[in-house]
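Got a structure for you, questions after.
When the chains are written out, they are named A, B, C, D, E and F in that same order, and each has its own residue count from 1.
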Amino acid sequence: FTSTRDPTSPNTCPSMSVATKLSRHLLVSRCSSYSSSRLMSNTTTYNCTALNVTKAAPYVFNVELNRPNKMNAINKAMWEEVGDVFNKLDRDQECRVVILSAAGKMFSSGIDLSDLSQLASIVYSEDDIARKSMIMYQNIRHLQDLFTTIEKCKKPVIGCVHSACVGAGVDLITTTDIRMCTMDAWFCVKEVDMGLAADVGTLQRLPKVIGSQSLVSDLCLTARRMESQEAERCGLVSSVFQTKEEMMSAAVDMATMIAAKSPVAVQGTKLNLVYSREHSVEEGLDEVAKWNMTMLQSEDLMKSAMAAMDKSNTEPPEFAEF
Amino acid sequence: FTSTRDPTSPNTCPSMSVATKLSRHLLVSRCSSYSSSRLMSNTTTYNCTALNVTKAAPYVFNVELNRPNKMNAINKAMWEEVGDVFNKLDRDQECRVVILSAAGKMFSSGIDLSDLSQLASIVYSEDDIARKSMIMYQNIRHLQDLFTTIEKCKKPVIGCVHSACVGAGVDLITTTDIRMCTMDAWFCVKEVDMGLAADVGTLQRLPKVIGSQSLVSDLCLTARRMESQEAERCGLVSSVFQTKEEMMSAAVDMATMIAAKSPVAVQGTKLNLVYSREHSVEEGLDEVAKWNMTMLQSEDLMKSAMAAMDKSNTEPPEFAEF
Amino acid sequence: FTSTRDPTSPNTCPSMSVATKLSRHLLVSRCSSYSSSRLMSNTTTYNCTALNVTKAAPYVFNVELNRPNKMNAINKAMWEEVGDVFNKLDRDQECRVVILSAAGKMFSSGIDLSDLSQLASIVYSEDDIARKSMIMYQNIRHLQDLFTTIEKCKKPVIGCVHSACVGAGVDLITTTDIRMCTMDAWFCVKEVDMGLAADVGTLQRLPKVIGSQSLVSDLCLTARRMESQEAERCGLVSSVFQTKEEMMSAAVDMATMIAAKSPVAVQGTKLNLVYSREHSVEEGLDEVAKWNMTMLQSEDLMKSAMAAMDKSNTEPPEFAEF
Amino acid sequence: FTSTRDPTSPNTCPSMSVATKLSRHLLVSRCSSYSSSRLMSNTTTYNCTALNVTKAAPYVFNVELNRPNKMNAINKAMWEEVGDVFNKLDRDQECRVVILSAAGKMFSSGIDLSDLSQLASIVYSEDDIARKSMIMYQNIRHLQDLFTTIEKCKKPVIGCVHSACVGAGVDLITTTDIRMCTMDAWFCVKEVDMGLAADVGTLQRLPKVIGSQSLVSDLCLTARRMESQEAERCGLVSSVFQTKEEMMSAAVDMATMIAAKSPVAVQGTKLNLVYSREHSVEEGLDEVAKWNMTMLQSEDLMKSAMAAMDKSNTEPPEFAEF
Amino acid sequence: FTSTRDPTSPNTCPSMSVATKLSRHLLVSRCSSYSSSRLMSNTTTYNCTALNVTKAAPYVFNVELNRPNKMNAINKAMWEEVGDVFNKLDRDQECRVVILSAAGKMFSSGIDLSDLSQLASIVYSEDDIARKSMIMYQNIRHLQDLFTTIEKCKKPVIGCVHSACVGAGVDLITTTDIRMCTMDAWFCVKEVDMGLAADVGTLQRLPKVIGSQSLVSDLCLTARRMESQEAERCGLVSSVFQTKEEMMSAAVDMATMIAAKSPVAVQGTKLNLVYSREHSVEEGLDEVAKWNMTMLQSEDLMKSAMAAMDKSNTEPPEFAEF
Amino acid sequence: FTSTRDPTSPNTCPSMSVATKLSRHLLVSRCSSYSSSRLMSNTTTYNCTALNVTKAAPYVFNVELNRPNKMNAINKAMWEEVGDVFNKLDRDQECRVVILSAAGKMFSSGIDLSDLSQLASIVYSEDDIARKSMIMYQNIRHLQDLFTTIEKCKKPVIGCVHSACVGAGVDLITTTDIRMCTMDAWFCVKEVDMGLAADVGTLQRLPKVIGSQSLVSDLCLTARRMESQEAERCGLVSSVFQTKEEMMSAAVDMATMIAAKSPVAVQGTKLNLVYSREHSVEEGLDEVAKWNMTMLQSEDLMKSAMAAMDKSNTEPPEFAEF
């Protein structure tokens, strides 16, 4: 899939002066860090096999877990693609909101067990425990980092769960910003039944995602199923839908609504919410003041304010890419 | 409005010896920091225009947003008065509990848009970005500090919301200790529609106030309305009332009940709850131990314990000012 | 009560070589820290009077508050026994899960008031405030530490509340991992009525246990009763039962289910949940990676994975003691 | 003393358009927070009695402790003036660097003992320990805050010590950025001899100012004298001079050199050094990146870079006020 | 050795009323936490074999490493005794300052190698890596905790090193407050040569004890010797003496000087210095204010202040035990 | 340059069973994260132009700044290569210690000024300040991350400075573990003269590297030269040599000595020193205990201990790669 930018979009800036183009050209040619940290090209290619990346609406991307015949078990390839795709989406200016969902009968059955059994080969491939533990450590950290790209992606991510969401599937959705699910969805922190403490995010993020620590411990220690209604009641998801179609339609609507807002405002909101989760109120206040001392000078503020005050106009303002 | 202390109150201490009075006089006359950090006089004056400060019950103050014709839009004057009034209430010994509510048809429509449009003049008044950003930073920090006076006020603050509570109104109520609302109340984190990340408290405090991070992101990224029932379910408010009258009556009852308790206990509870929010359990335990190594020696403990044990007496004990 | 290990248990390791026994013997005889930090003997003695310690199921212990004639008021003896018993349970390899409940008509009426009134003697026993405050500080820290042994116990603790749970009773149950209660249960953070800020855990742990900070402030500042249904709604407990019998039966079932899982997985889960509560996500991820770089090499992982894959076998795997 | 800005200074901007002036006027008249957080007027008045504030060179202010007949003992008035003066200097655009020194025979003999003995009146003015401790707490915090204004002042402060620097004098100089002293200078953390743990900054800042924790403990626990050479060796001061004249001359030279640099660069450096002292390297790196994402766009960068590259020009560039 | 309190000491309080004695008696008999956290009896017994505990001067104790024939190698017994002795000294009111030195030809050759080789038996005594790692973890934490008792002891500890101070000997002395050594002393962070990262304190405390991180890395990575003069230059020790006799004499003098000061002031100073090491300046300031809001009301302050003002009196004031 | 592993090295393990080889093969082919996080191949290629990477001794690599004709000015290419090379060295098992030095007449003149002037093109390439600030932020973070790879490299890095070390050169060397320099070396924190606060590491790391905060402020605010002797005295470097040859020879000797030690011990030491710099002692102790619960079971410990006890053997033990 390739996101091609519509040249007729009102955001393009045909009057951009030759001088500006030139300096931009200089910038790009000089500055490999720049080009590696922000994609200027209008076409970003998402070549995936375990994931399926499509454009669901203008500025809205849909990332689907795409191993339906394997119950969307998360294997090595899918894990690497999650890291790669969300890294690209973070920098793709065509993207302002992401929907994360799954193809097939369920969201995900969790880690691919063949991966788990291959752990044994690591254990036996080295004789010395220091060496094998170091390999293990680096593997775990690497898998963690791949999922964390979702949290670090500046664009909001809406998680959409249907049917089973098990083990690493739960680790995965706790990295999203907003979660919704279908009536038939259920969640299971399975790891303790596999003989391990969950180590790619659930134990860290779930207690900050849902309000009741008693329930978190219950779920993580018993590995029991939690049905959609309990998931809504405890705040793991913020809405439940009858069917997958209704859920996806609501997700696209929400994503479209967010995508129509100033990307400076939206991304600033996500970044500051993630920052606040782990800092004191005082530190969070100073952080947002440092952010806004610049961002309040953006043209987006004026565009938004004028749109809000001009009640006769129902069209949302157009914002430049960010 | 002026809070005048009733001289017949049993808390006054007519037998205070001449020596004590003298040393107190010396203290006050010498110690400007003292008098600036604690008001000894019985009459504190609250001259406000954007707020209305009244005494709702003994030891209970009511602070009302008071620009009903402007939908209680929070302008510069109201902002400054919030800082000034809660600074004074923190030190006014006549005050033990505060109720924060609003006059007129709604709680607040948020920041006064004329203030927002004036931001433009800052942006254009300086040529250099370093200079204009620094002005912006100092302005944001100043507005943040004014709202934070509510959190720093040692007296518990009960927030009472009716009808609309929008934008800066939400920033405002997240600083209160206990929140209640009417059936017709609704809340809206409006800032993202104004083209900015909320920067006077909502992004920092809301995730620590309500349990579901999915819902917090939903509210802050979509700027959608949340009705009173959802607000109660998610824990933003702890009770909902049919009418504003019922709510205010319940608030006064709750405030009166709290005001009848030992101020040493009540203020220690608030201070330690705020401290605990941002520290580990171990640090919080040490903090409260340092606090109570002194406070458990207060006469309030004995008075309270005796009252609790003496079942025949239904009168609450009288506590000295604190 | 004495926990005697069944010699026919399949976990015993009759083939343990003489060499291993010898080195283990050397280890134990040499290493007093070892024996003090982990109990090798098969019989740990729990001699209590204020508590009652029994074995509810294989690997499941039940600790009961046992002053039914005193409304399970928590006196000095009970406090010390809590510290002593949970220290031992932490190291007793016969124990994998603990149920904390109470004998008699209610869970607990809170601190024994005779203890509170004795505080006066400390206040008057020293003339200098520095000295008496230091005594007070050390007493509070000591009582805090005794309750914290429950949180530090690596084995999950399930709190079971029936009828009244007041004051120090609330401090006590906030240290457990999972809480359940009966329909007739009610909770009351009583301390503010005693003239003090709660100082043995409630103000620190309750805001991290339940999702609504407005409700936490309400409970702690008003000292009002919260009934079982509100407790469930706000997440303080994760389930409510009609009778104490049903609750205890469900608790034993849950404990038995957890006890059948790998203790490496279960204890790793508890330890990492407690760690995550007070650290950033990034720090928590690194912590669990350091833990699992070793623990994933345990035989428990293979045993669990094989059991999970072998659908024909309904028996849970047997895990060695940990 | 009044700092009057020279209208012939090349920094003034006579071509400032009428429009700019107008919008600035609007800004000032509207925005009381602005005017309170940044002084626009060209004349700031420093009316002091315990301090003496003079202009030592363009953009360089000298704040002198000025109770020479009282050995510059720090009394209530001096304390309040320190807070007031450094608050003003922080905002006075005429000021870019501050020198803190003392008039008369020594730097300071420490807290005025008459203040200390007045503490007794507080102790005896209240009967209840909770109340008197709260007064004490607020007094200490207030005095701490007054000294902390020096650290919060964005302009670098050079501390110049001659002869005795005792007790609160040491608390005072640890808040400065760079310290120098005369050969005859000596330092003494006197508080332990007064029967108290130092509580206005030495115990907090000294360990972060000098490299040897053994020496810090030695000085604070023994209250012994440290002569100038040991002070230089351990890093408390960074240079020692034969006479006070030489020291003051060197201080003015250093201050003048710093004052000639871009104030955006200088203040950014101070702010980030203070931030780094108390944060991890990673947090400090992110902080300075947030700061510089804006500040690198300042005209000061280009002015400085051009001046650095133009070797023929020996004049420093002129920077606008900040 | 037994510390017997001199009944003629002016600190005893013969006029202590019968009522006070009675309430103290009640207190002691009731309050086991109290008696376990503070030793009321006048005679504390220090039965040691690997250490030698003597009284060097009034209120000054000397703890000597006492395995001179084994080069004071630190074996299990010595480790346990360090924990036990400093726990007791913390509570022994006869003790106000501690000197830590060593008998025989050197300070310490480090961990007893026979202990190290016994580690092998742990490694081989369990088959499963999870189980053996957990044993190892608990052992390391236990040894760490034993050394940390020195840091937690409220009484200042002066470390006196002569000749070799190697490996665990360095871990040991970094826990002391003030360090001194003889000319012939040398230090060696030996662990890296034993194939391990030092794990009982050096890697944690040394970087906070000496100023140059380059030197810390050099010492820890190369395991090279550092002679006394470099130790003084870098701040590891604060003074160097020709002979052990001179050092011990100076240590006793310093200890005696500190012991003559108010124990409220001295212990408050140590506690706040340790706290400040690991907290921000702002947190440290609030901590000391909470401490002093009580401690400034102590009689010690008045005694000290009067003694300081009464120049005719050369006798230090007598302070009550603390 | 290509590091080729000597097949006759005693560390190779010819008896590695076929089964082990097979499972290792499976592991490598399966596990892209593994191969990306640890280089199994014996030949790592370091293709650099701005740097020069050579092997200075067995297991010792020398990374040279290699733009001698440009005064080793740090341009974009050099910056990227630093990140790339140290990432590879971190995983190259042929490398155990790194020496960082410079070719030509000086260490480095700092950032390449042509890079700095190109910043202007970024400033003018975007119209909206939010967009240009975001580009700036990402650029700074990227440059910071490239230098931080040195700190994250598990192998110790020895910095060797001769002649000028200016601006970004100082940022660079503060990331190394041990620093040494020649007599003619000098250091200059130049950024403030360029109109900016240093933003790639100096303001964050220098205060944690040298002991005197007064000196750090002096250097960063005045941009003055610091000569080699002052650098040694303040702890920035730990030794000074007459000539570059002597320095390089000493560096290779030190590196060789470190490289001969257990890599488990050496890397564990570096990792824990870096961790300790930013955590409390208690957190650091727990971290090293978690590390060593595994690492003490390594064969390296036994090899080292036996070598240390066998005085007849002067050969260092051979350690497997890590």
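One rule holds for everything that comes next: a residue touches a chain if its C-beta (ideal position, glycine included) is under 8 Å from a C-beta of that chain, and two chains touch if they have at least 3 such contacts.
Because the structure is a prediction, the values reported are computed rather than measured.
Student: In how few steps can one go from subunit C to subunit F if every step must land on a touching chain?
Tutor: 1
Student: Look at interface C-E and say which pair in C-F, A-D or A-F is its repeat, using the rule that over half of the contact pairs are identical by residue number.
Tutor: The same interface as C-E is formed by A-F.
Student: Name the chain whose C-alpha centroid is farthest from the C-alpha centroid of subunit F.
Tutor: With centres defined by C-alpha atoms, farthest from subunit F sits B.
Student: Which chain maximises the distance between its CA centroid and that of subunit E?
Tutor: Max centre-to-centre separation from subunit E belongs to A.
Student: If I superpose subunit C onto subunit E using their CA atoms, what angle of rotation comes out, to the nearest 5 degrees?
Tutor: Value: 180 degrees, nearest 5.
Student: Centroid of subunit D to centroid of subunit E, CA atoms only: how many Å?
Tutor: It comes to 37 Å between the two C-alpha centres.
Student: What is the distance, in whole Å, between the centres of subunit B and subunit E, each centre taken as the mean of its C-alpha atoms?
Tutor: For subunit B versus subunit E, the centre distance works out to 46 Å.
Student: Listing for subunit F: what residues touch at least two other chains?
Tutor: 129, 133-134, 141, 208, 210-212, 234-235, 264, 277, 290-291, 293-295, 297-298, 300
Student: Every touching chain pair, please?
Tutor: Chains touch in the following pairs: A-B, A-C, A-D, A-F, B-C, B-D, B-E, C-E, C-F, D-E, D-F, E-F.
Student: Would you tell me which residues of subunit A are touching subunit D in their complex?
Tutor: 287, 290-291, 293-294
Student: Quick one: in the complex, what on subunit B touches subunit C?
Tutor: 156, 177-179, 208-212, 234-238, 254, 257-258, 261-262, 264-266, 268-273, 276-277, 280-282, 284-286, 288-298, 300-305, 308-309
Student: In the complex of these two chains, what residues of subunit F are touching subunit D?
Tutor: Touching subunit D from subunit F are residues 113, 116-117, 119-120, 123, 129, 132-134, 136-137, 140-141, 144, 148, 151, 191-201, 203-205, 207-208, 210-218, 220-223, 234-235, 277-278.
Student: Give every residue of subunit E touching subunit C within the complex, in rising order.
Tutor: Residues 20, 23-24, 26-27, 30-34, 36-38, 76, 79-80, 118, 121-122, 124-125, 127-131, 133-135, 138-139, 141-143, 146, 264, 294-295, 297-300, 320-322 of subunit E touch subunit C in their complex.
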